[in-house]
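Two complexes follow with chain A in common, the first pairing it with chain B and the second with chain C.
The block that comes next holds the complex of A and B.
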């Protein structure tokens, strides 16, 4: 075995330079001479019959392991059934089923690779790539078929038919364009982005049950997750509206708030409401720290300072969170004074 | 009504006066005995509460007063404890967060420094200073609430900081929301009511005691049920899972590829 090995190693066809096919644009003139394969190095299983037998056994073990794994998967599926309502049974079932099937497949794969690497003939060889160009005969035949088709159908001669066919083909995808356009929101998307369900005297209600919130419920340091009254009665587009109108309600000491001019009556005795939609890419910002009064967006770590009207103090957000002007109605419930005075959420084309 | 009633009594054998007399005697008897019994009972409980408060005051002055002030009025180093209630003390001291080992971004959980009796005494003392949230009753802590409702409330109110699986998460400037696995239900409840450190307050008007019980049930359900998909990698979400895939899945693909193409020796 070992002696004959080197003879086989020279079986490679040595070429001085690659002969370019007629289809190749660049003719390499300075091609490196193909050094050929390194001399064949005999493997342990070529040299030592004991090692060869050992490898044979190993390959066989891997296949036996695969059989065992497949049977184990079947047994495990029966022994660890999925009990409805018991999540742990799902866990055991999938775990053992997965281990069994993995062993079954990996055993075959590793066995086959180990077989070919250690026991099958180990000589390097080159399989030359076939040229992709067809023979002259085939090419002429193809051109002939085209000409014949043109002659018989009169495609180039009957211009009226040809042009109307091209027209029909161009127009035929248009219904799809119209259909897909209709998947977008009807009406002007800009107007829809600029307005939410909030309006004058709309009550602030708890997410998710929609019960109204009294100002006295909001104790110092509290946080309420708020949706507008009436959202839960919507049947269509509820999630879209919720995604725009979600609000975080917090109560701070009135002395901690730095209220700018024009916003004096937007809070109610230290109760402030801010849009929960980050002005960066629209994640819900709700990580409120009661003592530092920072609001953190979990997606990209933008931080907003609630004491300074949600100014951005860190992170990629560009604008402060829009504030919802609130007050109380005569029953003591918190209500909005108006919609947000600016669009909520991230920038869009008409608002950069 | 009055006329029909009087007609009925007249038609009976008893005089109307007897009914009224019986009523008065009955009321006096029940009211009087109630007053007597409760007076004696409250006298006993006041005595034991007073002892507990005294004990708590001593513990407070020995262990807490250096930061919180001799009468818990607060100093520059620590806030006033007037009105924080027994629930706050039971949470902060009962989880080892107080007394603080060192100043830092936040007080972290550590081995509890006091016995249960001492924690109760401290709680009674602080509760005696001003009214505040009390330690919740066991009816809300047994984990038998509506798990689905608790999960929804948890996702809305808690998950943004504590992670949807309760694994905890990072906050600003070195602070973090702790993981909630294995936390005592009473401490979960107290944390919601009192809002320890930077956690906001979720009072009973925001999340009712029944809803809090549902949230606790959800957390207990998460504790009792392993992740059905296999190892949950800490439940930290796409970052930990992505890191695992990058290191181990891609690593093993690279290793197999190297083995596939290497020559056998």
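The block that comes next holds the complex of A and C.
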């Protein structure tokens, strides 16, 4: 900024307003002069009183139309009531009420604009601009005000007062930060995120009716949307638990599954259960492609390969969907062997 | 306010703007006039309002269709306030669980939040309720869209230059607030679609290192979805953010009055005047009428086109989701950015999880927005031009700015298209992988292509303007001269027509000179490089000498 021009925008009093820098603008010496205003082109309504009268009537008609529209809206409100259970009555009420109101508004709008364009004085007017900055005198006065304020209070002279005031002002909003702590319940949110309703011997049940699922019901190629048994009996925190515990259940040929070490007994005869909550930002991964055994998240298109323990094969997600270890109980119903072995859903800082 | 103008010489020679005169004859006041006089006097004696009327009543507003875009934003905001107030009378911002017993049969007996149930009641029980909901939603879509277009107008015509940089910043803040308003409002009905939107926000917040988990915990009052987010968003949506918006609009308009509106170049128009129509009566009638037109258009759309049919989505449930759903259009660019991240962008360091697949979009988008916000200051620094600029430029006359703006628009457009990648794939029978890869590549290629294409088009248009200013239009009339020579007759422009083509400022690249201590600071070097990049290719305005010599050559 050292040599960019004369205008540094300082508030220091100068008698003369500085000439602002033109920067690297080319200021031509033989520029063509502004030709000045073109002659006014009269409108039809300026020249022909008959046309003017015609326009006047039009404007007036538009305003009358507006009145008619507004009254129509009131009539429509009564004539097209909403009949409980009849969706068509909602549509008609919305439609005619809306058309009436729109007509009432359009009449005023078109009328006013038409009036201004065809009948009001059509001449352009000119107003002078003035520099935005205050005049030198005004600025001088303003500086004087600050000087007096400073002198009479001793703001810069009494540094002890000034600095302690600044300190107090900086600290004073801090209680507001603390005040927001109780938006959330007490306790560590991380612990809650790491635990779901699933536990040893919790039955897998159908979403949403909560009926348990027999292993024999799960035919090859089928897919079940699953919630833990007992979720539907909850009164508080049901959605929060469901947001963690939702599971997809599929049956593949056992030969199609690539099972890693330590997970050998997590599936039951080719029936596998995976968390339905995407490891990207938490949408339900609800789309299952039976032929390829791929799961697709409809939000951001992450794809998970069920044959390879829900590894990410496409999209922004990084981690595989957590697998829920399952088996059957002695009645043949599918049950969890334990909770998930890692947190489900979107990644978070303290996840590991 | 003084009105300067050329005096009219005679009625037949009605030249340009004129002095406004009040040449009404004295008429004895009738009852209506006496009442008006009494009322005006009553108010003025208690408020001194006459001073304001004198100052502002005949303020001049220049006319151009593009100046309407900001008005659209303002008026749709008014429509939002009116329709939104109506909705607050019926809406219950509560996530308490209720069983729906309303008239909409498919959802009867289903558990949902009071917010969702009351939104259904507004839609199906209250006459005009659905209309007002749709007015509110359509107006909101139009509000953000018109702000965006208004910003593009201001950007591409250079209307952000001194002294309006601060008003650009205020407008930018309002753009962000408008999107915030949109998103918080979108979330209020607590339907399946908006719930999934919140789920994504939750996932993104959790991806922020260190504070993410706790921030999400505070927003949702524990675990997602919790029972407090609708109430909290409601406070933000109807109280805090609108209050800031109204204040910002106030400052925006006060600065508009202080700086006076910019105007396009035209005969008689200079940097030192404003040419246009006065507030009273022409602008007031046009703008007031325009408000009613905007309101009318929104109402008509709302009466005929369904938006956000939450009854089809059902209440929020973390388990189901439907394919092909889309957020409101202005959230698209953020959603698209999330989709474009390639697989595997997540690290585990020192036992913590670093979600780059969320952090990178979370950083790129604000960087883009910050670039938009600070551009006026950047350009001002590069040109070093400290004068006030009240003439809007035609985009072609600032080729580099237009090119940069076009690149930015292309970047935004690609992100926006990315939010519809699944729909593009299904509609055109393509693979989602192919579409995503193409959009990933386009994110880098499209801005570069847009940049160069826009720049070349601007230079080309400038050359054409210059050609026409110097030689006029080709008339396709070939004339044989007595000597046997054939020439094409060119039709010269009038001085008025030509002025529009030649009235612009050209800048040259910055010449590096050592400062007083004989050094060239690094900032100056950077500035010189940028300045060279900006103004290396340039077309200068036609000068008087060039016109004369062109005319001497017989006009071709």
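Odds and ends about this structure:
Basically, the second predicted complex is superposed on the first by the 251 of 352 C-alpha atoms of A that agree within 3 Å, B and C clash if a C-alpha of one lies under 4 Å from a C-alpha of the other, contacts with A are read in each partner's own complex, and residues count from 1 in each chain.
Following the convention adopted for this analysis, a contact is a pair of C-beta atoms (placed from the backbone, for glycine too) under 8 Å apart; a residue touches a chain by one contact, two chains touch by 3 or more.
Being a predicted model, the structure only gives us computed values, none of them experimental.
When the shared chain is aligned, chain C comes close enough to touch A:282, but chain B does not.
In the superposed model, A:207 makes contact with both chain B and chain C. Of the two partner chains placed by the overlay, only chain C lies in contact with A:189; chain B stays clear of it. Measured by the number of chain A residues touched, the leading partner among chain B and chain C is C.
Residue contacts after overlaying the shared chain place A:94 against chain B and chain C alike. Legend: residue contacts after superposition of the two complexes on their common chain; A:67 is shown touching neither chain B nor chain C.
When the two complexes are overlaid on their common chain A, residue A:242 makes contact with chain C while staying clear of chain B. Of the two partner chains placed by the overlay, only chain B lies in contact with A:291; chain C stays clear of it.
In the overlay built on the shared chain, the residue A:234 is in contact with neither chain B nor chain C. In the superposition on chain A, A:44 makes contact with chain B only, while chain C stays out of contact range. Counting contacts by the rule stated earlier, residues 87, 90, 94-95, 98, 113, 117, 207-208, 225, 284, 286-287, 296, 298, 314 of chain A appear in both its interface with chain B and its interface with chain C.
Listing the residues of chain A that touch chain B in their complex gives 41, 43-45, 87-88, 90-91, 94-95, 98, 113, 117-118, 122, 206-208, 214, 216-225, 250, 284, 286-292, 294, 296, 298, 303, 314. Residue ranges on chain B touching chain A, taken from their complex, read 152-153, 156-157, 160-161, 169, 171-173, 175, 177, 195, 197-203, 205-206, 225-230, 259-260, 263-265. Every residue of chain A that touches chain C in the complex is listed here, in rising order: 1-5, 7, 9, 20-26, 28, 30-32, 34-40, 42, 77, 81-82, 84-85, 87, 90, 93-99, 101-103, 105-106, 108-117, 120-121, 123-129, 131-132, 180-181, 183-185, 189-190, 192-193, 207-208, 225, 227, 237, 239-240, 242-244, 246, 276-278, 280-284, 286-287, 296, 298-302, 312-319, 345-352.
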